[in-house]
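Common to both upcoming complexes is chain A, partnered first by chain B, then by chain C.
On to the complex of A and B.
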């Protein structure tokens, strides 16, 4: 089977040993893992592909390998290092992030995965004025969705981590000091009005406690340029809201600052969901703006580029093995050259092309 | 004939040019061909294989044809016709028929989404089926498309013929291109009209194509209705004179 499936690697259990020799090969994620580790965060076309093929295969590529190498050698006594994945549209930033998240989940890190920060700054229906801080706004819907997914992803940590302060929700409910974090999450899920505050508390607690060393914390944010851009949300008097006035955005910004240690922060820039940014912008300076760039300043940028010829060949082989490329001419050399020309080795475009061929 | 007021361009004989313009101006004569090209323009040949053949392999007539084309006037190739390996004339024709208001981008994207939807549905069926059935399930969307349209083509059609002041529906054998056109027209009409308001075209089209592939569904029923009408009007077949 190894000879027949030359583009496949052995199962994900050995991914800790992914090295340079595994570049451009696909590795298989068991579907059970997919439900626990990724209740949210996978790109929608990838989810469709997983559903069609009945299996989830990610290609191992250079940016992800680089990140894994850095993460394996992190020094947990130093402040958390920020890694920023940037690149043009469709090159595979989100999937590289998912690869890294899966690796860390396998290594038993606590994953704080925000699937798309752009969803928090646009198209929000229920905006409430925050009870905690009068100037800020709450987003109960988004906060409760995120809490539900956080609970699915990190079940086992919720009972282990204990809260270090007493939090009073309203006249009748409060969370005592020393109770498990699961109680805060439950409170946020049942009382939707306090969901945003619950999220803020969870983030604060995790940040304080990761320094103690009981667990490693991975903060993975997709579309981080949303935190410093503009929002499309308006108050009742139709005046624009700045991102600073959203409670969720504030707590996330505090999380992404590197004043804590015991983990790592992996971020992705994304133009696709961003507001008021030109389509061709992909560099960190363009997408983050001056404010965002200064806030994130010492970070390690990792460029995610189009497929190189070996990766392209591997991708086509994968589709051919799964019989996804049904057109007779797609098997020929001419067909492959044409696919290369039409997609310019861009992974997103290649996927869309092969979908109807 | 009027004195030729135009200058011949490119060394063409003045006679040919003025003959063309003279014919256009004659009263009581309508042009049968609507294209702006004159009859001396030849159609372009798009396939790469024709031009890549080495000189030794060409037959006498092909060599003559290639020499001739060096000096003949050739029409411009339409933008939609490419020398791509993945091109399919049937799919292009169907896309053009689906197009509304010249929006080829939208029509093409709808066609691509339809093929993708057909493929995904067939893959689902494939994974859910047992080993014997898996051999029978066809997953190639192009094969399904062509077979479905072939299944929808009527064999015999009705033509209104005027006799004695009344129009009679006379059964008539149809040409190949008329049959293909009718199949595509019925498919598109069915998908545009008989669907739920919120359902999108690719979803409905993929459903109809799969049903037609299995010889079921409303388009096949329409074909059978046409055949029954032709059978019922069998007696009027004498009215046909060709």
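On to the complex of A and C.
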């Protein structure tokens, strides 16, 4: 129908040509892609929406377009540029990140997607003392979950990339130089004790090898401010652990430094899930703190804001088309004005409100 | 108290009453001359019933109020012409009126200190004052010649004791620019003073110890050498990690382009790096807001050649 064409673009294959004229339109991600590109990382409410509508549609918005423009013009010889998406709660930072990740996946980049760095600094069970470095702690559970998802997302690269050093796991097992990266991942998955070290090795290898130019690497971290904040983890003697003492956090910090080239780093700041930060905090310095800012400097901050009128209209149209808004006044002008007022054009708020209608 | 005056129509017949008073021993002729006790009582009542109206009714609007209340006196409802009500009202009632109101008597009143009365006091006191020096006619001149201001507060209240512990506080205020300190001494003083320094008016307050103020801030103390980056009040870009980061990034970029001849000073001297430095300094010192962040973004974009 006409309406459909107004709010939709046809397929994800055309997203390489997403430009200004496509702003505020929805584009469609095939469900098959969802399983491979996003085993982790989509916001839970979005996953519910996908299940309800039986399709995944993302709105093309300005911050994502800006990022895509930068990524298309990346100079792979220069050090990796860091882009930081920041904005108030519910404005669409995670979904913008997912949009960018999908784009890069379609362009055949290797995606290193950490869905929520906050999960690595709180509520971790089973902290072990690291065998590699006595000062640090391992997190076998989180590391193995991440390895599993990484494997699903980047299946084809795992056999192509070869490790460049020999890694000895314990007396009986070791990975030889030149064996595929998949072997390291397998080792981490089967021997959960070594999962954290496996993650560290994967990150190190990818960083070194992307400089060689065999592939482009996209590092996408959601909630990067967790790496420099505080943790809620305690040792056995109930003393707090600093983020530096977690092996996963250390390897990730090394990853987001810009001392490698051949790819890009896209990060989002998130207050939801962060520890000990006030609810209204959304600006980079507030959430990153001094240490984080100095570590990420220089970066490109990209603001993700609430919907502008066109985007708001488009979102309402999308819900109406999918028959999500059942209230009889939902499609009238006053209904829309009321929704605009109640949600203040905040995408997250609007989505929650429309769930009741 | 409003005395209930008898309506004028009821006029007592003196003759008839006197006859009835002494019924037994007095002859009818004598009865008319001696007044009976009941008659005396009623005569007194009569006098009371015709009490004078309160003074308020005779007061004009432009009367001289300080003469009504020349000194501190309790509240006299008949002398204050205001229809004041005070008290907690009963259900479906209003606060009590002023006649016979104990609440109004209990509270302290300042009816003797109206502006007119105070003006009169000032006029009287003027004979004992000297003139304000004509040269100090503006605030700046006062501050220039008398940089130290001492504030004392006295408290007046009606209560069981005349003392008020807040009266012990004395505030000494000094404008920082009037003390000739150099940059280092000034920073030291600000740090020591802490939150008692007010940046907007450049006024520093030192509260309630008038004892001693050592102005030895020019000397460098031992502990100052331990000043670390966290102690710095403002962000200085030189030798900061931001400078190191950007330098490294630029060097790597140049290396990628096989442009190894450029050295560090040249890199740091370019206009883009200047802009970047300014934006980082403003970001750190002024905090995040739309302006500083967009400035920072533009400068980083230019530096990294992203368009």
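In this text, the second predicted complex is superposed on the first by the 352 of 357 C-alpha atoms of A that agree within 3 Å, B and C clash if a C-alpha of one lies under 4 Å from a C-alpha of the other, contacts with A are read in each partner's own complex, and residues count from 1 in each chain.
The definition used in the following text is that a residue touches a chain if its C-beta (ideal position, glycine included) is under 8 Å from a C-beta of that chain, and two chains touch if they have at least 3 such contacts.
Note that the structure is a prediction, hence the values are computed from the model and not measured.
J.: Look at A:259 in the shared chain and tell me whether it touches chain B only, chain C only, both, or neither; answer first, second, both or neither.
T.: Touch status of A:259: second partner only.
J.: Of chain B and chain C, which one contacts the greater number of residues in chain A?
T.: C
J.: Looking at A:240, would you say it contacts chain B, chain C, both, or neither? Reply first, second, both or neither.
T.: After superposing on A, A:240 lies clear of both chain B and chain C.
J.: Going by the contact rule set out at the top, does A:78 touch chain B (first), chain C (second), both, or neither?
T.: second
J.: According to the stated criteria, A:298 is in contact with first (chain B), second (chain C), both, or neither; which is it?
T.: The second partner, chain C, only.
J.: With both complexes overlaid on chain A, does A:70 touch chain B (first), chain C (second), both or neither?
T.: It touches chain C, and chain B stays clear.
J.: A:284 contacts which: chain B (first), chain C (second), both, neither?
T.: The second partner, chain C, only.
J.: I'd like to check the shared interface: which positions of chain A are touched by both chain B and chain C across the two complexes?
T.: Common interface on chain A, chain B vs chain C: nothing in common.
J.: Could you list, by residue number, the parts of chain B that touch chain A in their complex?
T.: Residues in contact with chain A: 84-86, 112-113, 115-116, 119-120, 123-124, 127, 139-142.
J.: Where on chain C does chain A make contact in their complex?
T.: 240-242, 245-246, 248-249, 252-253, 256-257, 276, 280, 283-284, 287-290, 293, 296-297, 300-301, 303-307
J.: Under the stated contact criterion, what part of chain A meets chain C in this complex?
T.: Interface residues on chain A, with respect to chain C: 70, 73, 75, 77-79, 81, 258-259, 261, 283-286, 294, 297-303.
J.: Residues of chain A touching chain B in their complex?
T.: The touching residues are 48, 52-54, 323-324, 326-327, 329-330, 332, 334-335, 338, 355-357.
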